[in-house]
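The structure is given below, and queries will be raised subsequently.
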Amino acid sequence: MSLLAVDGLSVRFDTDDGPVHAVDRLSFTLGESEVLGVVGESGCGKSVSFMSLLRLLPETATVEGAATFDGIDLLHASPARLRSIRGRQIAFVFQEPMTSLNPAFKVGNQIGEVLRRHLGLSRGDARRRSIELLDLVRIPSPERRVDEYPHQLSGGMRQRVMIAMAVACDPKILIADEPTTALDVTIQAGILDLMRDIRERLGTAIVLITHNLGVVADVADRVLVMYAGRKVEEAPVHELFARPQHPYTNGLLGAVPRPGAGRLREIPGRVPSLAELPAACAFAPRCPRADQLSRTQVPDLREVAPQHHVACFHPGPDAEATA
Amino acid sequence: MSFVDTSVATISPRARRRRILRRRFLRRPLAVVGFIVALAFVLAAILAPVIAPYSAGATDFNALLAHSSRHHLLGTDELGRDVFSRILWGARASIEAGVLATLLAMAVAVPIGIVAGYYRGWVDAVIARVTDVLLAFPFLIVAVGLAAILGPSLTNATIALGIGAAPALIRIARGEALALREEDYVRAAVANGASDLRILARHVLPNMLSTLIVQATVAIPTAIIGEAVLSFLGLGVQPPTPSWGVMLSDAQSYLSQAPRLAVYPGIAIFLCSLSFNLLGDGLRDVLDPRTTR
Amino acid sequence: MTEPVLEVEGLVKHFPVRGFGASGVVHAVDDVSFVIGRGELLGLVGESGSGKSTVANCVMRLVTPTGGRVRLNGTDITHLSRRALRPLRRHMHMVFQDPYSSLDPRMTCGQIVSEPLEVQGLARGRDLDAQVGKLFDRVGLRDELRFRYPHELSGGQRQRVGLARALAVSPALLVADEPVSALDVSVQASILNLLRDLQEELGFSCLFITHDLATVEYLCDRVAVMYLGKIVEVAPTRELFATPRHPYTQSLLSAAVVPDPVEQRGRRRVVLEGDLPSPLAPPSGCRFRTRCPLEERSAPESHEEEPPLVEVAEGHFVACHLVRRGETPALFTPAAVAQ
């Protein structure tokens, strides 16, 4: 029984230039204590998909499909219901810890606010718990830090505080949207360790949204690759990196500089405009394997190996790929 | 094949941007109303000689303090002058003062503000402090003081209003220049070896334009009210030239008998400044690059 | 040996800070020296607070150094006036990190690229037009994009415009400050390849600034690693990646994520303790000591004396007391580079 089941999720924005189909019929599940890596470049719809689940999108967005969390229909839940889920059962961590924390309040205060509001703790209890949480996220001297202001903390620490706030109510799911993108490499490593730690100790399921394949290789159990609002490949992490099937996944992997890898792979062309939903494979215009079939039909997800699904008419490893 | 390459449009990029802005503007009813009403006032001011039923000073001693009638849409005042016509004629003074004072303020404030914000250092320190001191005085006090020194006339009132509005605009222009000088494209221009003048004229000023336009549309109503105040105090337009402020002043003595003589010019001031305000608000929204609709 | 294109000697840049709480001096760059030869690509790597961008700004004379010397093609440009600097600017140019703010939104792409040529008086009229056309072609942009505004182009296309602008004057030195960090992965690849190809074709020298080691490994001939305003290690690329000597370099290399779960999860990471010290008050002696996993072995020398850059192998310099003593900290040894 999965914790989160999303079926046929579609999100459309109404903009000045007409409709933008940010997400097209996305389906996936998330199991308990599982780490799901969602990978894609900008505009692929990865962030929008998850924000739509908790109705965090602006009014210009229209959301369709089904999303069930713990038996609750998220897309049709009442605002009050959603409020009780947000931050409590499903928590978010965003990219910019600088702007997510209120500079005018002490760190302990901000964590405490979450505890008081969602769990009804008293001030004293909330403070005690805040210190415990700061310790959980491995901030040294938490009794001192709890009374500090965000500007007194480094970027990495602030992100840890954000994570502390997110896990304060012991949520079932932690959705981290590019949590380490704005951080230095050495700090990033620590945050990824922390996420692993949280999964081990608290059993929280984690959705890790990122464009960085290395981050996903480090932490994820399963990986979902998105392109132009659609899911193009999904597999357990070792399987995906060892045997990538979709030409886009292959392209992405080949584009990352690696010692001894030779010239970087380029993906010709541009991401398609999302103004229309193409009745064909979204990647076809840029795909070396494209043919009449992929240019006229939308590929379904097919299982090419146990738990490994690809939306492609010509799945398979790249001919050029090195072992 | 439904893949439209969106980078090949059929109309020029400038036209496309104009179209988007127009559409955004039309989605804001308040701004549209503001635009229409403001335009109406401007046209009234321009076309007053043509559309006013009576000349500004034409008296009719047979119809003193008359109520609205077929002959006099809004009635007459204590000298039998047609109120409606005087409102139209008065629009000239108000719009003229409003627009010209604002233009003067911009012409003075923008260069000073840009220099302060772009060069910083002691130049900025001096300008910023002086501006801060001036801003400590309420705009109207400054305007009244200057008008009193310069002597009562519409021109002097306009100058006084313009100078009074300048400090606030200096601060805004300075803020914009301060932000713009940190933009990478300005640094790239320096890397090109461009002269300061070129950088300010080609890179800094054009990118401040939207903000300045919006500030202007918001400064105009302040100037209009300012003109009314100055005329009310006898420091602006001199009789017999009509102005809404003068009309208000004259109406004081007849408040119990004919309060409408104060109400009509009051409504005119209110509507005129409100319309420019709404227009300015709407423009600010529309021109903000972050707006999506 | 021909004259180097860029010589940086003892570069210092301090910023005075006068704020509510803090007042003092930010030691952004302290005594940095390096040389870039003709046609050479030097990578400058560091994390936030390392001072690498400040070095770029000093080299480009977008700010004036507090101390030290910058020599471009043999000419000392450290304290030249803006006017004197102007004609020399055609020998160096810069590509910026943010594709969105590096192009003037009010100018067409063609105007942006022609500006350096106009300002330097290198072309006019039809000749100018032709040169801009050639530049667009060279960076792989369709000619019609000359008439578009930056916001109509994608991030990758904008960076190409930025490159075209920087190369318009055929500079001897190109300073690239994190030119691909703000781009998507696949777009990064095309820009990096473009940069590599253009450098081979045109032969300019390049100071490539980044926080991403993998990129530096792909592109650069030599690498300098910076920490808190100082260079801690310099070496030819292959050498640095095969045998990093400085503990900081080793921790950087060990922390970088690779897109391979087996390798990534099997890796033993060097964890740095604590936070980056404030550049307002850098630690005495070795600036890295507060986070160095080998600090006890280097004390008390590392507390009192700043380690000088010492040559440990051909062209390989390290600033570390332990290395100077002959001890080789082997916290992290990368697998041999397969090439």
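Labels for the chains are A, B and C, by order of writing; each one numbers its residues from 1.
We take it that contacts are C-beta pairs under 8 Å (C-beta built on N, C-alpha and C of every residue); 3 or more make two chains touch, one makes a residue touch a chain.
Remember, predicted model here, so these are calculated numbers, not experimental data.
Asker: Comparing centres built from CA atoms, which chain ends up most distant from chain C?
Answerer: Ranked by distance of C-alpha centres from chain C, the top chain is B.
Asker: Per the definition at the top, count C-beta pairs in contact and tell me whether A-B or B-C has more.
Answerer: If we tally the contacting C-beta pairs, B-C comes out ahead.
Asker: Roughly how far is chain A from chain C, going centre to centre by Cα mean, in whole Å?
Answerer: Between these chains, centre-to-centre, one finds 31 Å.
Asker: In whole angstrom, what separates the CA-based centres of chain B and chain C?
Answerer: Here chain B and chain C have centroids separated by 49 Å.
Asker: Which residue numbers or ranges of chain A touch two or more of the other chains?
Answerer: 270
Asker: Among the residues of chain C, which are close enough to touch at least two other chains?
Answerer: None at all.
Asker: Among the residues of chain B, pick out those that touch two or more other chains and give their numbers.
Answerer: Touching at least two other chains: 7.
Asker: Chain A touches which residues of chain B in the complex?
Answerer: Listed in rising order, the residues of chain B that touch chain A are 1-4, 6-7, 20, 23-24, 292-293.
Asker: What does chain A use to touch chain B in their complex?
Answerer: 14-17, 58, 60, 270, 272-273, 275-276, 278-280, 285, 295
Asker: Using the touch definition from the top, list the residues of chain B that touch chain C in their complex.
Answerer: 7-8, 12-13, 17, 183-185, 187-196, 198, 202-203, 206-207, 289
Asker: Tell me, which parts of chain A touch chain C in their complex?
Answerer: Residues 41-42, 140, 154-157, 184-190, 192, 211-218, 237-238, 241, 251-260, 263-267, 270-271 of chain A touch chain C in their complex.
Asker: Within their complex, state which residues of chain C touch chain B.
Answerer: Residue positions touching the partner: 60, 62, 82, 85-87, 89-90, 92-94, 96-98, 101-108, 112, 115-116, 119-120, 142, 144-145, 147-149, 151-153, 162, 165-166.
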